[in-house]
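In the part that follows, the structures are each spelled out as structure tokens.
Each of the next two complexes has subunit A plus one other chain: subunit B in the first, subunit C in the second.
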Partner chain A sequence: MGKYILKRVLQFIPVFLGVTLILFALENIVPGDPIKLMAGEKKLDPQTELNLRATYHLIETDSNGKPVRDSNGKTIPTPMWKRYVLYVNGLLHGDLGTSYQRKGQSVASILADKYPYTIRLSIVAIIIEAVVGIGAGMVSALKRYSFWDILVTLVTSIMVAMPAYWLGMLLQLFFGVFLKNATGGAFYLPISGAVGPGAEFDDWVYYILPAITLAAVSTAYTARIMRSQLLEVMNQDYIRTARAKGLSRRDVIWHHALKNALIPVVTYIGIDFGGMMAGAILTETVFNWPGVGYETYRAITQRDWPIVMGSVTVIVVVVMVINLIVDISYAFLDPRIRYGAGKND
Partner chain B sequence: MTEKKDMYEKNKQVSAEAPNQQEEELDSSAPTRTLWGDAWNRLRKNKLAIIAIVWIIFMVILALSADLWVPQTLGKPNAQIYDVRLPMSAKHPFGTDQLGRDVLSRVIYGARISLAVGVLATAISTVIGLVMGAIAAYYGGIWDTIIMRLADIFLAFPYTLFVIAMLAVIGPGIQNVFIAIGILGWPSIARVFRSAILTVKENDYVDAARSMGASDLRIITRHIFPNSVASIVVYATMNIGGAILTESALSYLGMGVVPPDPSWGSLIEAGQTYLSTEPWLMIMPGLAILTTVLAFTLLGDGLRDALDVKMKDA
Partner chain C sequence: MARKKKNDNWVELKNQPVPEGSHLLEVDNLKMYFHTQDGVVKAVDGVSYTLDRGETLGVVGESGSGKSVTSLTIMGLIDMPPGRIEGGDVRYRGKSLLKMSEAEMQHIRGNDIAMIFQDPMTSLNPVYTIGRQLSEGMRLHLGYSKEQAMKRSIELLTMVGIPNAEQRVKDYPHEFSGGMRQRVMIAMALACEPDILIADEPTTALDVTIQAQIIELMQEMQEKNGNAIIMITHDLGVVADVADKIMVMYAGSPVEFGSADEIFYEPMHPYTWGLIRSIPKQIKDKKSPLTPIKGNPPSLVHAPKGCPFSPRCPYAKDICHQKKPEPFYTSTGHYTKCHFANDPDFIKRNQPPTSRSIKREAAAKGGEA
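Up next is the complex of A and B:
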């Protein structure tokens, strides 16, 4: 087991280097000079511009941080490989870099602002996904071919085919507009933002619609996996044996079948939670949610590459770690799985 | 793309024969013909899959023939202008938008872009994925390691962010959307194809072909590919729906088609502003996406059952 974990952690390294390298290449292909973009309409005075270039390691500097000049008195642009090494070196020292456009704010502090919103929204979404998905899947499997089974199959098919942001708007339309009009403004849900400016709602109310939107597609998948797993488990010999011993169907389901059927479902939910940590650009855009996905998207459109690099790096590492935890817990949940022995990666 | 075409052509041939076969089928022991013949017989009995096929064909015809019968100007930049934001009526079944353009016409023109992106992006991913998967599985060793690690790197990226970053580099516009979605979609296809080849490769007929002096390329194209094509067809069909969804999301974010060209995603984006007063502006294009993606998913499900493919990696 220890060997397996070590192997997996070692596999992080090439993926991590590959991801940062690809991002770095993208940054360097993208047209536009970041310092000029930073200045916008204004013209920077040459000294400020020089200092900025030196701070962002765009030109070669000496040990005092002063720009190095060649024999013609011109500054020397830092070669790309050197900037990449500097970047990775910074990462290893916990320095994610500095935003180009947010007045020298550090990327780490920007992400620290945004991540809590993403994490809280993801947790609410995961709870919805687990409760509704597992519940619907169970009903569907246990009452196979009934009205409820057909309903669940139908709804999950539609959910999977639906653009999530469109679902978000439908929810806004129903809970924010239609309900408001129908009840004369007595009851409705907030359709945007994360906290009430005038404290019109309690904070948690703001989570309802975005969390449903974020959870919708995965809930459908969870229900489907739950259904097929439970059906498969219910057909196995040990279930028949338990029934033959005289246990009630209810006991068999709760004490024997569920435990095994849940393993792949829990795995799916865990991996999905990792995916949500990447932020949900679309959900965050529809609901004007100040999370990490929208921030990264904004940074891409504004060519604020330090934020893009920093947040994608953090996202990739978080996702890899969560996937590893899921895989390890899988081995604990299901003793049949033994990592490290044989070719089981 | 080629294998999709193959499939369609073969399906067409089979469906032409189908009426004669029906009687044979009634006495329950239809003789086994080809893989595709059997698959079609099974697919025909799947009502959902047939509805899906009919819907897809309907959308394709609608998209291809739009220039012929949708009044030319309607979907175009110099669209004929009516009153703005008219409600749904017989003349404008989906109403008119904020610039007074007929929304139904724009949804029909949007079908063009969405279907084209779905099919072309999938074709690009499939071709790259097939080549990569074939190299990885057939040659194994260092090639396998390099390609599969590369696939891991691609899959480690948050997908939507990666597509957006890619578009930021190569610029918005519909061709670039094909390219970005297409290029970034290869790893999963490569994985599916790789595992399919690894299974097929062990068969005796591959050894037999090699012992007769067949070249690697010939073995791959003549023996391995035809025997693993089923899983690829299923995967590609489902992938089309995913590509349509991605395109709509990109256009919704303003990174996809450039206005005034209509795409379902950008129509939803435009309609969002009038959510509370003219909700149909955003509902109708969304329904178009939903039904089309659903059709591709159902067709994929149907093909999977008909071709008896086990989806391991999907």
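Up next is the complex of A and C:
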């Protein structure tokens, strides 16, 4: 097992280098000069501009940080490979760079600020997904062809087909606008932002609509996977064996069927959690959620490359780690899977 | 882990004497039909037999003849619907199993009547250890603690011939071979010392060399525990050595029933003849083709009007296609459902030669000479 984990962690390195390299290449292809964007409509003082370019390593500098000039007196743009080496070197020293637009703020501090919101939202969403998805799937499978089964099948079909941002907007419209008007402002849910000083609601209330939106599609998939898995498992010979032993239907389902049916479901939920931790750009944008998804979206539109680079780098690592955890958890759920040097090798 | 029985008022039927005039197990004209979209499938259509402790009943027939459904009905493992009991009764120690509630049946299953299945590769739960799966029944029915059950599991595994049982009990099913798994299944079925062991084609999925071992193991266990065995198989060879009585089933109902001797040496039904003829003969020098029974079993939805075997029977006459035969009994209780069973000439003429009939003929010839 230890050997397997080490092997997987070593695989992170090429993936990590590849992703950062692609991002660097993209940064150079996408038009728009970040320093000019920083200034916006205003005309930038040439000396300030030069200093900024030097600070962000956009032009070659000498050991004192002064811009290097060629024989014509022009500054020399830093080649991409050099900036990449500088970036990776910074990463190895725990430095994710400095934001272009949020002046002077380090990318690390911005992400540290945003990530907790994404993590908390993801956890709430994953709980909804697991509880509602597995529950609905079980009811659907165990009461096959009943009213509840048809309802679950119908609702999950609609949910799977519905884009998250549209569902988010519909929820905002209903809970934030329609309900507010209908009850004369007595009952409604917040539709934008999260907790802050002088917030109108308790903290947790802000999570309701974004978490539902974020969880909706995955919950529908979870319910469908759970239903089909449980139906398949209930037809297995070992279920008949368990019944022949005299176990009650409840024991057969909870002890013999569920553990087998859950293996693929847990995998799906795990991978989905990795995806959510990457920040849900659409959901966070619709709800003005101050998480990494929204921050990444903002950074892209403003050509704030250090933030894009930083957040994607962190996201890549997080997703890889979660996938590794999911893979390791297989071995605990399914004894047939053994990693590394086992007795079946 | 399985919960212990809640109902302490339950009387262990296993410990009750069999009432006067009844048998351990009585299947009485049992009818189990499946109501499907295509129509009513008469999977079991009038099956009767009795069984006592220490006896072995062989149930023989092709796939789809209702052998397995009969035993699953006894166990109460048929989902209803689509299944429905259309008549008859199953009595265990004089008590009707069909009238029992699901909770009562849970006391019977695994405790009084246990079952092993055809495919040991899929009949064990892949995510639990062998020990856990063995323990389950004992904890449920005998009220054993985890430690007691585990200790007994090791004993059981040793008993069914699994070496190094103390270690193996912690292993998972995929770490066992097919034959070993079937041994585990037998150990699991016998864990609570049931009265009746139903074995549904226990050797079909195994290597030929392992088959004999498994059959021997079951016989050994029977000698030790005195339980009855219902051995379901499509292979007459399997029941030849072990069965006391044999029921030959065709299209959901028995066509012939008798002692193992009667079925093998004095078979009366053309279907039984066909089964015997289709056993490959082990003659070294003379190669002869096998004699199969032509055609396929009839649809159980649109069963033939007359004798169900008539479409495939080489001796079928008009009456066979028109009228269902009534059982014909001999003085020993051997019965068969054939219109010509009362014609000794017909039987003598067409019966496959058996070692006994060959001897008898030789003796007759010798007498004449």
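Worth a mention:
The criterion applied here is as follows: the second predicted complex is superposed on the first by the 329 of 345 C-alpha atoms of A that agree within 3 Å, B and C clash if a C-alpha of one lies under 4 Å from a C-alpha of the other, contacts with A are read in each partner's own complex, and residues count from 1 in each chain.
Note that a contact is a pair of C-beta atoms (placed from the backbone, for glycine too) under 8 Å apart; a residue touches a chain by one contact, two chains touch by 3 or more.
None of the values given here were measured: they were computed from a predicted structure.
In this superposed model built on subunit A, subunit B and subunit C occupy separate space and fit side by side.
Once the two complexes are overlaid on the shared chain, A:Glu232 sits clear of subunit B and of subunit C alike. When both complexes are overlaid on chain A, the residue A:Glu49 reaches neither subunit B nor subunit C. If you count the residues of subunit A touched by subunit B and by subunit C, you find the higher number for B.
Once chain A of one complex is fitted onto chain A of the other, the partner contacts of A:Gly279 are limited to subunit B, with no touch recorded for subunit C.
Taking the C-alpha centre of subunit A as the apex, the lines running to the C-alpha centres of subunit B and subunit C meet at 70 degrees, rounded to a multiple of 10. In the superposed model, A:Ala242 makes contact with subunit C only, not with subunit B. Look at A:Asp95: by the touch rule set out above, it reaches neither subunit B nor subunit C.
Contacts of A:Glu60 after superposition on the shared chain: neither subunit B nor subunit C is touched. Residue contacts after overlaying the shared chain place A:Asp149 against neither subunit B nor subunit C. Taking the two complexes aligned on chain A, the least Cα distance separating subunit B from subunit C is 13 Å. Subunit A residues in contact with subunit B (one complex) as well as with subunit C (other complex) do not exist.
Only residues 236-238, 240-249, 251, 255-256, 259-260, 263, 333-336, 343-344 of subunit A touch subunit C when the two sit together in their complex. Listing the residues of subunit B that touch subunit A in their complex gives 149-150, 152-153, 156-158, 160-161, 164-166, 168-169, 241, 245, 248-249, 252-253, 255, 265, 268, 272, 275-276, 279, 282-283, 286, 289-291, 293-294, 297-298.
The residues of subunit A lying in touch with subunit B in their complex are 11, 14-15, 18-19, 22-23, 26, 29-30, 157-158, 160-163, 165-166, 169-170, 172-173, 176-177, 275, 278-279, 281-282, 285-286, 293, 296-297, 300-301, 303, 308, 312, 315-316, 319-320. Against subunit A, the residues of subunit C that register as touching in their complex are 1-3, 75, 77, 102-103, 106-111, 114-115, 117, 119, 122-129, 136-137, 140-141, 172, 174-175, 185, 188.
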